[in-house]
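One chain, chain A, appears in both complexes that follow, with chain B as partner in the first and chain C in the second.
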Partner chain A sequence: MSELRVLLVDDEEELVSTLVERLGFRGIQADYALDGYQALDKMKSGDYQVVVLDLKLPGMAGTDVLQRITHDYPGIPVLLITGHGSPVDGQPSQLEGAYDYLVKPVKLDVMVDRIREAATAHDRQ
Partner chain B sequence: MTDSNSHKAEQKAKTDVAFFGRITASVTHELNNVISIVDQNAGLLDDLVAGEARGVPISLERLESVSRAIQNQTQRGLQIIERLNKFAHSTDFTEAECDVNLTIGNLVELSQRLASLKRMKITFAPAQVTVHVTGSGLVLQRVVFSALELALTNGTAGTTISVMVKPDDQGAVVLIEFSADSGVQKDHEAEARSTVEQIGGRLEVGSSENGVKVSVYLPGALTG
Partner chain C sequence: MASDERRANGVHTGVPQPGGQRARGERHDEEEPELPVELTGAHLPRYNRLRRNVFMATAVVSLVPLFIFAAISFLQDQQAYFTENTYSVSQVLSNTKRTLEFVIEERRAALALMIREESYESLASNEELAVALQNLNNSFGGFVDLGLIDAEGLQAYYTGPYDLQNRSYEDQAWFHEVVLRGTHVSDVFLGHREFPHFVIAIKHERQPGEFYIIRATIDMDLINRQMELVNRDPQLDVFIINQEGVLQTESVFFGNVLTEADLEVPQGPRTREIVERTKDEQGHVITGFAYIEGAPFILMVKKRLKAPLAHWVGHRSDVLWFLFLSASLILVVIWYGSTNMTRHLRRADLRRVRAFHNMEYTNKMATIGRMAAGVAHEINNPMAIINEKAGLMRDLVSYADDFPQREKLLQLVDSIEGSVDRCSKVTHRLLGFARRMEVRRERIDLPDLLKEVVNFQLTEIRHKNIDIRYDFHSDVPAIESDRGQLQQVFLNIINNAIAAVGKGGTVDISAARHGQNVVAAITDNGAGISPENLRNIFEPFFSTKGEFGTGLGLSITRDIVEKLGGRIDVESEVGKGTRFLITLPIEKANFGE
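Here is the complex of A and B:
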C-alpha cells in the first residue's frame, strides 16, 4: 500500500516541520507550506490526497485558500484547523467546502484519524 | 448623567471592549501556536523513545534540538503572557500616569501577529526621555491602535511599519510611517481622526520618505 500524501498549511514552521516528522512515523508522507501562495504552488505538483489547512494565514486568508483548493481540486478533502471559538461559534460559513475541522492544539492521534477518514472518503469518490 | 452622555459612555465602553477583544483574540491565537509546538515536540520525544525501544537509536543531537525547541517556545510563551498581563492591567485605572514608551512598546509587540498576518512587521523606537500622559492606559492604546490600524489596513504587504514616540509640548506624539501603494482610504482616516479627537488629541496624515506618515498628537491629559 502506498503512503498517504498530505499537505499541511500553517505559518508556524516549527509546528509543521515537527508534524511532518511525527506523521512520517505513522506512515503518512507529509509536506508543508507556510502560506496560501506556497500551498497553491505545491498543489500543482504534489499529488496530495488530503490538505490540512490553518484558517489564520499571512497574506491570503485561509478561507480564500480553501475556496481555491476546493474549486481547482474538487476531489481533495480539506481539514481546517481553527483556534478556540471559531469557526463554529462565530462564522460557520467558513467551514463551507471543508471536509471537517480540528481545534488547535490538535492531538496527533486525532489528526491522524481524521486524515485517514478523509483519505478514505476521497478514495471512494 | 444626560441621555447624550450616557449614550457616549456606552459607545466608549463598547469600543474599549471591541479593542480589548481584538488584541486578546490575536494574542491567544499565538499562545495556542506556542502550546501546539511544545505539545508536538513533547510528543516527538515520546516517538523517539518508542523508536529506541524498537531498536532505532536516538542521537544526542536530536534530543538536544527537541529540548531546545521546547525551551525556546516556553520562553516565547512567557513573553507573550507577560505582555498580555501588562495589557490586561492597563484596564485597572481610568485615571493613571501612563508611560507612553512602555505602553506603546507593549502594544506594538502585541500587534506583531496582526502585522504578520498582513505579511508586515512593526519596529518600535521609544522617545529618548520618559514621556507621560494621564488617563486610561487602555484608551491610550486604543487610540494609538486606531492609527496603527491605518498602516495594517492600507500598508503594502512585505513592508515594515515604523512606530516612534517623541515628546511634545502638550504631551507626546506617536509617529507611524509605512508604505502604502494606494495611499490611505479616506473613510479609514476619518475614523482614526475621530477616535484621536475624542481624547482631545489630533491626527495628521502626510507623506514621508517611506510613503505615509501618521502623527498622533496626544494631550498631556486624555479626555473623553
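Here is the complex of A and C:
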C-alpha cells in the first residue's frame, strides 16, 4: 500500500499545519487548504484519496465545498468536521455525499482511524 | 467530579420530615402577598385610596339626586301642611265669628224688641221683670239678670240673683255711652257676680227727652258653649280678647279669663278676617283674628303647628323608607363595586409586574447563554491549537530515536493535554447550557441533569467544602421535558441550598419514581426558613437576601415547574434545614404555551 494522500480543509492555519505534521508521523501524507477555493484548486493538482473538511469556512460555505467535491470527484470520500452544538442531523440533505463526520474536538487517533477506514472503502470500490 | 462518587445513604425522597413546616407552590390569588412597595408600585394604601375616592365620588353622584328628591317632597309636604292648617283656622274663625255675632245680636234684638213692644209700665216692677227674664231664658237662654235704669242712672227695678236694686250707674262710662248711642255691649267682667259675664244695655225713648234703659247680663258660659260647638279641633286655641288685650274667655296658650294676654292686639280692618302664619322660637303658629261686630270683642284662633319635619316624617314614612332603602342599597353596591374594581386592578397590576420581571429574567438568561456560547467558541479554537501543538511535541519526542529528557518532556505534554481537556469540559458545559436556553422537548435522564447542574457550581462547592450526596433510585425513568428549563429550575434550587448550608454543610440530592411522576428532592441542613417566610417563599419579589436577591428566583422556578406540568413543594424547619420537592411527570402530552 502506497502512502495515503489526504487534503485537510480548515481556516485555522496554526491548527491545520500542525495536524499535517502529526499525520506525517503516522504515515499519512497530508496537505492543507485554508478555504474552499484553495481546496478545489489543490484537488485539481493533487491526487488525494481522502478529504477532511471543516464545515465552518470563510468565503465559500463548507456545505458548498462538499457538494463541489462529491460532484467533481465522486470517488473521493469526504470526512466532515463539525463544531460542538451544531449537530449534522439538523440538515442531513446538505451533508449528502459525505463519508462520515467527526465532532470537535477531534482526537487525532480517531481521525487517523477514520481516514484509513475511508481510504479502504474507497479502494474497495 | 469528586462529589459524583460520594454517593450517600439515607436520603429519602418525597417523605416529609416530621414536625417540619410545609408550603406548596400553589397560587394564592385570594391572599395576595404584600410586596415591597418600591418594586411593584402596587402597594395596598394606594389602592385603598383609589377605592375610597371611587366610593365617595360615586356615592355623592348617586345619593345627591335622591336627597334632592326627598327635599322636594319635604318642601311640598310642608307647603300642603301650612295650607291645610291655614284653611282649617280660617274655617273655624269664620264660623265662630258668625255664630258669636249671631248669638249676641239675637239677644240684643230680643231685648230691643221687648223694650219696644212692652210699655215701660208693664215692665216697671220686679215681678214683671222676672217674668220677662224667664221668657227670655226660655226663648234664648244665657240671661242672668235684667234691670230697668232710669234717665238718672238709677236701677229702678231689677231681677236676678243679686241685690242690685236702686244701684246708681250714673257715673259709669257705659251708661253715658248708652245714653249717647242707644246701645252698648260691655267687655267681660266679674263684677259683683264673681263669674265672667258681659252686659247688653239698650236705651228706649218714651217721649222726646224721656228715656229709660234696659240692661241685661249675659253669662259668658253661653259664648263658651257656642265656641266649643263650632270648634271641635283640640289643637285650636279659640278665644276672645277685648281691645286692650284682656282675655274675655279662657285661652289654652295665654291663660285665664280676664288676665292680660301676652300678645299684641291685632290691628287690622275691622270687617275682615285675617289669617297669617308666623314663626317664633318654638315653631310655626297660624293666627287668625276677626272683630266681632256689635261687641268690643276680638275673636282669635291660634294653632301651633308641629315641626314640619316631624310632620313629614310622620306622614311620609313611605318616602323615608324608600330613601333609606335606596341609599343603603346604593352604598352597598358601590362599596362592593369599588372594592372589586380595585382588587381586580391590583391583581392585574401584580400580574403585569410579574410578567414583566419574568420576561426580563428570561431575556437576561438568554443573553448570558449567548455570551457563554460566544466565549466558548472563541476559546475552543486556541485550545485545539494548543492541544495539537502539544501532540506534535509528543510525536517529535516519541518518534525520535533519541531525545534527551524524553520522559520529562512527555510528562509536560501530558500536563498540557490534561489542562486543555479541563478547559474544553468547561466550554462544553457552557455551550450545552447556552443551547438549552432554547425551548425544546426531549427525553431527559434526571440524575444526569442534576449532576450536570451541580457541576456548574463545583468551584463554590469546593470552596465552601460542601458535601454533595446523591441518592438516585435505579428505577428512575427518563422523563419527557425541556432540558434548559429544568436546568434553570435545579440551578436555582441547588444554588439556594448551597447558599443556605454555609461552610462544611451537606446537600442531599435524590430522585425516585412515584407513580407517573419522578420526584427530585434537594435537601440541605442549613438554617431553615421561618413559617412566615415559608408562606411567601414562592411570591414574586419575596427575598431574604436583602439587596443581593431579586426575590424572583423561586417565583420563576415555580412558574417553570408548573409550565412543565409539575409541582414544587417546600418543607422546612428552623435550625434543621430545608427540602425542596420537585415533582415532574414522566410523560407530558402538552406543556408550555
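Methods note: the second predicted complex is superposed on the first by the 122 of 125 C-alpha atoms of A that agree within 3 Å, B and C clash if a C-alpha of one lies under 4 Å from a C-alpha of the other, contacts with A are read in each partner's own complex, and residues count from 1 in each chain.
Methods note: a contact is a pair of C-beta atoms (placed from the backbone, for glycine too) under 8 Å apart; a residue touches a chain by one contact, two chains touch by 3 or more.
If you're wondering where the values come from, they're calculated on a predicted model, not measured in any experiment.
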Identify whether chain B and chain C fit side by side or clash on chain A in the overlaid structures. clash
Once the two complexes are aligned on chain A, which partner has more residues of chain A within touching range, chain B or chain C? B
Which partner does A:L57 contact after superposing on A: first (chain B), second (chain C), both, neither? first
For A:L108, decide between first (touching chain B), second (touching chain C), both and neither. both
Given the touch rule stated above, what does A:T18 touch, chain B (first), chain C (second), both, or neither? both
Clash-wise, after the superposition, say which stretch of chain C runs into chain B: 165-173, 291-299, 381-389 or 507-515. 381-389
Please report the chain A residues shared by its interface with chain B and its interface with chain C. 12, 14-15, 18-19, 21-22, 25, 83-84, 104-105, 108
Chain C - residues contacting chain A, complex: 373, 377, 380-381, 383-385, 387-389, 391-392, 395, 399, 424, 427-428, 431-432, 434-435
Note: in the complex, chain A contacts chain C through residues 12, 14-15, 18-19, 21-22, 25, 83-85, 104-105, 108
Residue numbers on chain A that touch chain B, as the complex places them: 11-12, 14-15, 18-19, 21-22, 25, 35, 56-59, 83-84, 104-108
Applying the document's contact rule, which stretches of chain B touch chain A when the two form their complex? 25, 28-29, 32-33, 35-37, 39-41, 43-44, 47, 51, 69, 73, 116-119, 157
